[in-house]
Every structure is written in C-alpha cells, then in structure tokens.
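Take a look at the structures below.
In what follows, chain A forms one complex with chain B and a second complex with chain C.
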Partner chain A sequence: MTSQFPQFFDTRAFGRVLDSAFNDVVAAYGLTLELIFLPVLKALLAMEQLLLWLPWWAVLIGFSAFAWLASRSAKIMATVALLIFLIGVIGVWEQAMATVALMLVSTLMAVFLGLPIGVLMSRSNRVQGIALPVLDIMQTMPIFVYLIPFVMLFGPGKIPALLATIVFAIPPVIRLTNLGIRQVDVEIVEASRAFGASPMQVLTTVQAPLALPAILAGINQTTMMALSMVVIASMIGAGGLGYQVLQGIQRLEISRGLFAGLGIVFLAIIFDRIAQAYGKRMQKTLKLGA
Partner chain B sequence: MKTKFTFAMLAAAASFSLAAPSAHAADCGTADSVKVAEMTWISAGALAHIAQKIMANGFDCNAQVIPGDTVPTATSMMTRGTPDVAPELWVSTAQTIWDESLAKDIAYKASDIFASGGEEGWWVPDYVLADHPEIKSVLDLKDNWQVFAEAANPNKGRLYGCPPGWGCEIITNNLFEALGLGETFELFSPGSGENLKASIARAVAQKEPFVGYYWSPADVIAKYKLVRLDMPAFEADKFKCLTDSNCANPEVTGWAVGEVAVAVVTSLKERAPDVVAFLSKMQISNDDVSAMAAWGDENSATNEEVANHFLKNYDAVWSSWVPADVADKVRAGL
Partner chain C sequence: MGNNIKIYLENVSKVFGPDALNALALIDKGMTKTELLEKKGHVLGLHGINLEIETGKTTVIMGLSGSGKSTLIRHLNRLIEPTSGRILVDGEDILNLNALELRQFRRKKISMVFQKFALLPHKTVLENVIYGLLIDKVPPHAAKERGMAQVELVGLSGFENNFPGQLSGGMQQRVGLARALATDAEILLMDEAFSALDPLIRHDMQMQLREIQARLHKTIVFITHDLDEALLLGDKIAILKDGILRQVDTGMNILKNPADDYVGRFVRDVNRARILTCGPLAQPGTPTGDTRLNAEQTLESAFPIMAAAQGPIGVLANDGALLGVVTARQIMEALIQQDRAKSTLVGSDI
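The block that comes next holds the complex of A and B.
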C-alpha cells in the first residue's frame, strides 16, 4: 500500500464550493463579459476579413514592404516574400490569415499592456516583488487549467483564445522591459539627472532607447509564444492553422498536419526575421550615435 | 524403453485431463499483460477501469489502463494489435478502420456494451423546448434560427457541431447541408470535446438557448437535462452517404443507432480465453451508465473511483459477467 498524506480539510467539498461559485459567476456575468469583449472580437474579425479580402499579392507586397522598412535588407525582404508565397502554395492561405489576425491582435494587446507594467516594475522594487511570482505562475500554469474556464466566461471562439494567448505570451515583454531598463548604466542615468532631466525625460530619452534592444527581444519572444498558442487556441474554436493541425492529428492525416505545421513555421520565421532585423538595426544606430 | 515411456506419458496426460475441469480456475491464460483503452469521457473511462479491475483482481491479469481515443485507439488496435480491449468503442466513429480490422480478423466485437446502443444527434436543453414549443425536430431549426443567434454573429443561429476528427464531424457537416441550414445557421466547430461541454455548461448556467451535437449515454445529458431533437426515420443508404466526406447530395435521415462495441483484439482469444468469455458478457443498460456517470460528475470522482462505485453498488450487473469464484475475488479486492 502507498502511504497517504493526512487530509487537513475536505478538498472535495472545497472544490465543489469553488465550482458552484464559478458557475454562479458564469450565470450572472457571462453574457456581460462576452458583450464587453465584443468590440475586440469585431476588430479581430475585421482584421481577418481584411487580410482575406486583399488579393494574395497585395498581402505579399505588404509584408515584404514591412520587412524592408524594418530591416533595410533585400535578403530578408526576399525571404519574407518567398515564405508568404510558400504559405499560399501549400494551400493553407485562408487559415494562415486567420492565424495572423489572431496573432497580431494578441501580440499588439500584449505589448500594449506589457510595456507599462514592465516600466512600472523597473521603477519599484515592491511592484517587481509582487509581479515576478505572478509572471512565474502565468508561465508555468498549464494552459488548459484556465482555457476551459475562459470558455465558460466568454463563450467559445476567438475571445477566450485571444485572452489565453495574452496570458501565455505577455510575460517575456514585461520581464525584458523591466530587465532592459534596470540594466541601463546607472552612471548614464545619474548624468542625465545631473543635467536636470525629469524622471519622465530620463525614461523616455535615456532609459527607453538604451533598453530598446532588450524590449524588442521581449516583443519578439511574445510574438513567438503567441504563435505557439495557435494549436491550443484552436481547441476552443479559434480556427486557423491550429485547427488544421488538430484535424490532422485526430484523423491521422499526416499530410494535413504537416502542411498546417509548416504554415506555422513559415509564419514564425517571417515574424522572427522581421523583429530581429529591426532589433539589430536599432542597436547599430544607437551604438553609432553613442 | 520406448513403449514404457509413451505409456507413462499417456498416463500422465490422462490424469491431467481428468483433473483439469475441477482444478482449472479462471485465469489470465498466457497473456503477459492486457491493455485496456481509457477513452477521454467518463463512461468509457470508468468502463475501462471496471474491466481492468475485474481482470486484475478476478483473473489475476497484469491489466493496465492506457489512454486512448476512438480513432487513434481503433487504428492502433488494427495496426499494432494494442490495446487489447476498448470497452466502449463507438464503431461508427471509426467505421472504415473497424471494418478493416474485422475483415483482417485483427479485432472483433465481444459484446454490445450498452443494452440500447448509443444515441447521437443534436440536443437542446429542456427549457428551450418549454419556451419554444414550435421546435420539436431538426427540421424546425431552419425557420427558428433567431432562437439560437449569439451576440458575436446576430444574423445567424449557431449550431455547435462536432469536435474535429470525431466521426460525427462529417455526419454533422453533411446533415447541416442536407437540412439547408447554411442560409440561417453558422456551423460552429467547438474544437474539442471539452470546449463543447464548457459551451453547454455556459449556456445552461445562463439559461441561454443552445443546440449542438451530443451523444447518450453521457453524464452531460443527465446533468444539464438535454433533450434530443426528433429526427426523421433512419434510412441506411442515405445515412451511408452522410458519413462520407465526399457525399455529393446529402439527404436528411435519422442518425443510426450507435453500435458501441466492447472491441477486443482477436489474439486475446488464444492468450486469455477466460477473460474473453467475461468480455463477451459485458453489458450495461443505458440508464445505469448515465447514473454511474452522473454520480462521478457530482462527486468529481476519478474514473477509477467511478469504477469502484460501480463495482460496489451494481453487484448484480457485473457479477453476471463472470464465474462466481471470480466475482468473489473481485469483491475481495475492493
């Protein structure tokens, strides 16, 4: 026989209370929560429809132009154009656009929320002390634990997928913003203060630019993590490439899973190359300026 | 010398064969291990543990429960001969694989696990029928789409389809087309069984309308008081087309009563004949299954605990599956 840990309180009864309380919350606020996030959903759907409405060559040119602006490198631009083309060739264009829409919106929201939190953390040790364990929990808690409750709260589909993606993908941008700002040379900060810069000026003109490579690395990681969520998000009805992977696995259609998987890989390479090239270019300009 | 030896052997053989019937206790034969597939839902999970416990305690088998799901498990049984037993295999969900396994004599149906078979279809919570008496059958959905519209897409009703990869996905998609629901309904793919369940839980908690795929027996049916929408009578040839993803002209027909098999690999007949005899008697009424699953849900019990609950409280059901001495051993092991 295995030995047992003594039971200090009735976990099952406690669990039941928790479950029924959650059900009450769903019953009372479920619809309201869904309505609050309806604008986000509409934005997401509009984004997806725009990407699908545009002819494929327009999307290709758009991405290539974006790559050129970020990298100023013909090689990277050509790579991006080729990969976009390949996504269409392997026949997952529609799904890829749905995935791009979900990923872009969730990354934008993660950055939008994550940057201020990261800045706040870098300015106060107490905030950092509270935020770090919370971030640890967010990164290690298995996704399914909060995925299904999200579905019950927000209804199935893209909204819980978006929120779960944000929870999963936001930690890197927060962590690296915090770290980047804290790693800025103290003497430089002191020097700028000595010249009479206000705390806000120190942040925007000294700390933020010097921390930019770290922050960009964080954003890059956040993008990659958002992309890695697409398969899991499709399990709650988000559609996109992940859904194809899921169908491929469940039906043992290796080819379908492989093509959709390749589509995800291509998207990852595209976003990674663009973000990295931009980061490197920023670093170079900053070093030249210093 | 030679004759003597043969004579001794004959005598020995005779004494063995005489002694065999009385001394032979039901056992696990020559099987090193018997693997039972534990599917993802509660009834199949509990049945897997019930079978495992009876084999392990009653027949002294090295019986293991391994995770599975309908199509992957059926495929694995066919291609690799493992797991040995799938106590609740929904045949229609893995029809082609299953037919092939039967044809190649790799697996066979030991018994129908549910006395009245499996019921699949589109279900609504009971309050939907009470509030909208005009909705009775799947044919009434098209004109009453407003009832099922959701905020995300107010111009169409939402029909929760079948999770991807499940066999019912193709049937649901074809039936959706056959009923002409595309004009007024959006066929929403829930992505996974968990998500389908969570969607039902959400709708019922808010007393919101819901219509979607489900099956019985299942804890969800009892817990959320779901009612199956009527369907036209079952017609085999039309239904066959519905199960084909390339069905050119899907027509409305009733859902076939699900053949839910205790699927067993044929080689187990030789390896563990006594266990196979037990599996051929394994059958439960649909009501008992739903009650068992509902108990499990109410008490947030694990599949194994549900199995123990069943073995303790439904003695009359399972003890008829096995010889009396085996039943005693199973009871002793509880």
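The block that comes next holds the complex of A and C.
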C-alpha cells in the first residue's frame, strides 16, 4: 500500500489544455515564426560555411590572432593554436566548426539580448525583483525541457537548437551585467551626474567601463553554457560534435564519443582562456585607479 | 535678498522615506527626529533651512556626521530633491528645471568636488579633468586645451597622462579640483573635499584653495566637520546639527558670540591664536625695529616675531600701508579676554 497525495484538481485536464493551446499556437504561428527566424538561420549557415570554406591553417591563425589580441600573452596564444591543431588531428574538424558556428552565433545573440536586459535590471529594483526568480528558474530547469516547445514550433533543426541555446545561456550575462553595474562606486556615478551627464552618458562613461570585468565574466559563463547546450541540442538536429557523441551512444562506439568529447573539451578551454585572459587584462587597467 | 546673493535656500526640508510629506507634517507639529525614526521609520535629513550664500564668497557648512551637511550640499545641484521649500540660484528656482534644463545647469553653472575624489580609475588625469567638458560635448581638442590649463593651475603638470591610482591622495584630489574648475562653473560645491587627506597635505590643499579662490572668486560651498578648516576657509560659516541650522555668521563672530550651547561647546576647544589675526588688534603708534607683521597673519604665527622684538611691531595692510602697532602684551591680553568671555559663556550655558 502506498499513501497517495490527495488530488486537489485534475492536473491531466490542465495539462491537456496547455498542450492543446500550445498546439494551436504552433498551428497558427509556426510558419510565420519560421519565416521570422529565416535570416538568423542564414547567418548561422553562412558562419558555418565560412569556417569550413577557410583552409584549416587560416582558421588556426585566425583563432591565434584573436587569442593574442585578447590576452597579449604568447603562452595563451600558443595553447590556443595547439588545441585547434589537435582538434584537426583527432579528426573532428568539420563537426567542431559546425559547433563553433552555432556557439558563436547563439552567444552573440545572447549577449546582444542579455546586455540591455541586465542594464534595465540594474536601473530598477522592481525589474530586478521580477527578473531574478525568472533567471533562477531558467537556470535550474533541466535543459531538455527547453527543447520541447522549440522543436514543436520549428521542427527538429538548427533554429530550435539555436533558440534553446540562447534561452539556456543568457542568464549569466544578464545577472553579471546587473551585478556589475550595481557594484560601481556610487560616488563616481554621483560625480558623473553632478557634471550633468544624461543617464546614457552615465552608462557609457562610468557604469559600463567600470562594470566591464563583471560583464566579461558573465559573457565567459554564457559562452561555456552555450557550448554545453550545443552538445545537448544535437539531439534535435543541431549536428556538430554533439551529434558524434549521440551516435557514439547509439552505435556503442567508445572512440567516436571520446574523440568528439575531447573536441568539446578543447573548444571549451580555447574560449575560456581567451575570455579569462581578456577579463584579467581589463581588471588590471581598472586596478590602476582602485 | 540683495544682488550679491548667489544661492538662496528658503525653508528647505528633507525627509527620507516613502511617505515623506506626511512625515514632514508630523515634524512641523513638533515630533522629534528620533520619534519620527522610531514610530514612522522615516529619517529627517533637513528641517526648515534658510540660508543665503553670497556671490564670490566661501560659505562653509559645518556639522558632525549625521548632521545633514552632505544632504544639504546635494540639494544645491539637486542630486537630492527636497521634500519642501525653494532653492533659488540667481533668483531662479532650480526645482522648476526639467531634466534637460537641470543637466544644462549642472554642466554650465555648478560643479562639485567629492570626499573620496570619485575619479574615473580607467581614465588619465587629463581625461578626468576634461570629463565635465566632454559631457557638455565640447570638442575634444578644445577640451584638452582647457584641461591642460587646469592641470597647470593645480600644479599637476607632467602628471596629465598618469592614472589616478598612480597618484597620492592629495594629488588625486587636485585632479578632482581641476575637474570641477574646468567647466568654468560659477558655483563650486566641495563635499568634505579635504577630509580624506592626511593633515599636512590637507593644509597644503587648504592653502591652495585659498590661493585659487583669491584669483577666481567662485561661489564656494564647502562642507566640513573640522572647525579649524571652517574658520580657515570660510567667509561665512553655517553650523548644522540634526538637520537644523544653529548659527550662520563669520568665523570671528561665531567664536565671540556662539548662538547657543551646542555651538559654544563646539568652539570651546579652538586654538584662538591660530584664528585671530593681527589686523584688528593694531593700534596707533610708532613701530620699533624693521620687522613688520601682516594684518592677515594669525597671532600664533606672530609669536616668534614678538618674542624676538623689543618694542611695538608695525602691522601692514595688504597694500603695504601701516595699520598700526601691536605689542606682546596686547596679544596676550586679547587671548586672555577671549578666554574669559568663553569660560563665562560656557559656564552660564551648561
């Protein structure tokens, strides 16, 4: 005998209503939404094709140059170059480029959307009060739950993968933008206002530059989360390294899973090193005056 | 209200809290600051402030921490909005300015120096100095030119490309001062500008401010908790306690006639020899010897000269004319008189 929790209302009926309502939305707007996101899909595909069209050494040089610009450290540049090389060596180049494309586009869009939301949150306690629990839910909700509605709306493919990745990866950049701006010395903000700065001028001349290390930390976390989500998203047709892992499971091929997994690890290290080195360099510049 | 009044505060009150207007009504009915905090959870910042600030003079607002002095100075550029009252600058109520006009007012007419400097750590000294000009959309080239002049004025030439973090506290505050002067504002607000500096540097800065003020004749509102600083810098001193102005007068008059027991206790420990100057003591006579005192020299600084002198010493006015003479005896008597006046006053009040 198991004791049962009493049923206060019929959740199955409620669930049916929700499901049918969403089905109606899909039927009514699915096509329109697909058209709206067509440019995003094109951008994503263009990015993927560009990375695959470039010869491998050009990609390697490009990443290394980017690492140098961000870190000004030969060691980090060499690490990045080596890891890119290894990705090619273990034979997952094409898949890795597809993953990088999806990750870059989703991270860019997450940052593009997340920054203004974070700024808005920092300006109003009420907005913050509403947004924080929403962000909490977004971050604790199992990743797979995001896949369901997006797949229903768009069918399996790159667009639902991209959107699910954005939703999953956006919270850190919002949170840390908000936090970073709120932590800026009140007296400096006051000084800026005292000299007649408009709210926009306060943001661009004081808040944004002083909150930059925190914002960069947020972007770094968002990048990492996008990478982890891109792997999961392969289940709904995002392709890339995650798909190799998935195939490894389906075919019980350890090597396939391992090589793809290593590729993901290498990508994670590359993006993390670049972002962290840049963050540290920014912090040093600010420390001069602390 | 004469023409020489730059800023006029009329019955300005400030209560912090969600229901400030009703809380203020309670205060007007006689509730005390402590009662208001305990019963209503509102904080009384200022109450019934009436203050005239003269053009081209330095007005010091003095009080201990919690007296509301920082709140008061922030009303003058509306960083804090009053709960009631009027604030007239050049006869115009700045509370009527809309957001855009307020920004223009802050850019052109009034500037501020902060206790903890409030410089931008990621900008160089020169970039900090021209901050207000860039906010006002002065072209960068012209702004830099004007900025360099200010950097020179505060004695920081050669440091214009350093970052604030590479400078000492005193130098950082000079940057803060140069930034405030750069916009050519007529009114300069200084919120405990020198309180974070160590004593020697602080004295240097006080002297530098006096020097600059002698040249520029800004309308300065200076906040401090340090009476010596107030007496040194202030043409007028306003003493604030618990959000209420206790006395507004010249330093000399406050020393001589404290308005109430609180002000009396405040000024009791002041070293008068450091405040009183030789000028007012000068009496007709013929000086012996060649040494001369300056009318604006403090009695303390005259002590060594008096000790070495044989007879009366001549006192010169700023323009070099002989005002009269003083003797060591006269100075001693002046100090004793003050002391007596003070002890009877303090005795009668407590």
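FYI, the second predicted complex is superposed on the first by the 288 of 290 C-alpha atoms of A that agree within 3 Å, B and C clash if a C-alpha of one lies under 4 Å from a C-alpha of the other, contacts with A are read in each partner's own complex, and residues count from 1 in each chain.
Just so it is clear, a residue touches a chain if its C-beta (ideal position, glycine included) is under 8 Å from a C-beta of that chain, and two chains touch if they have at least 3 such contacts.
Computed from a predicted model, the values in this text were never measured in an experiment.
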Superposed partners chain B and chain C on chain A - clash or fit: fit
Touching partner for A:188 - first (chain B), second (chain C), both, neither: second
First, second, both or neither for A:255, with chain B first and chain C second: neither
Partner chain in contact with A:206 - chain B first, chain C second, else both or neither: second
First, second, both or neither for A:140, with chain B first and chain C second: neither
Contacts of A:2 with chain B and chain C, given as first, second, both or neither: neither
Included angle at chain A between vectors to chain C and chain B, based on C-alpha centres and rounded to the nearest 10 degrees: 150
Contacts of A:196 with chain B and chain C, given as first, second, both or neither: second
More chain A residues in contact [chain B versus chain C]: B
CA minimum distance (chain B, chain C), superposed complexes, angstrom: 47
Doubly contacted chain A residues - partners chain C and chain B: none
Residue ranges of chain A in contact with chain C within the complex: 185, 187-188, 190-198, 201, 205-206, 209-210, 285-290
Sites on chain A touched by chain B in the complex: 12, 15-16, 19, 23-24, 26-27, 30-31, 34-35, 38, 41, 144, 148, 151-153, 155-157, 234-239, 243, 246-247, 249-252
Chain C - residues contacting chain A, complex: 77, 79, 102-108, 110-112, 114-116, 118-122, 131-132, 134-136, 163-166, 179, 183, 189
Parts of chain B lying in touch with chain A, wherever the complex brings them together: 69, 71-72, 75, 150-152, 160, 163-166, 188-192, 194-195, 198-199, 201-202, 205-208, 299-300
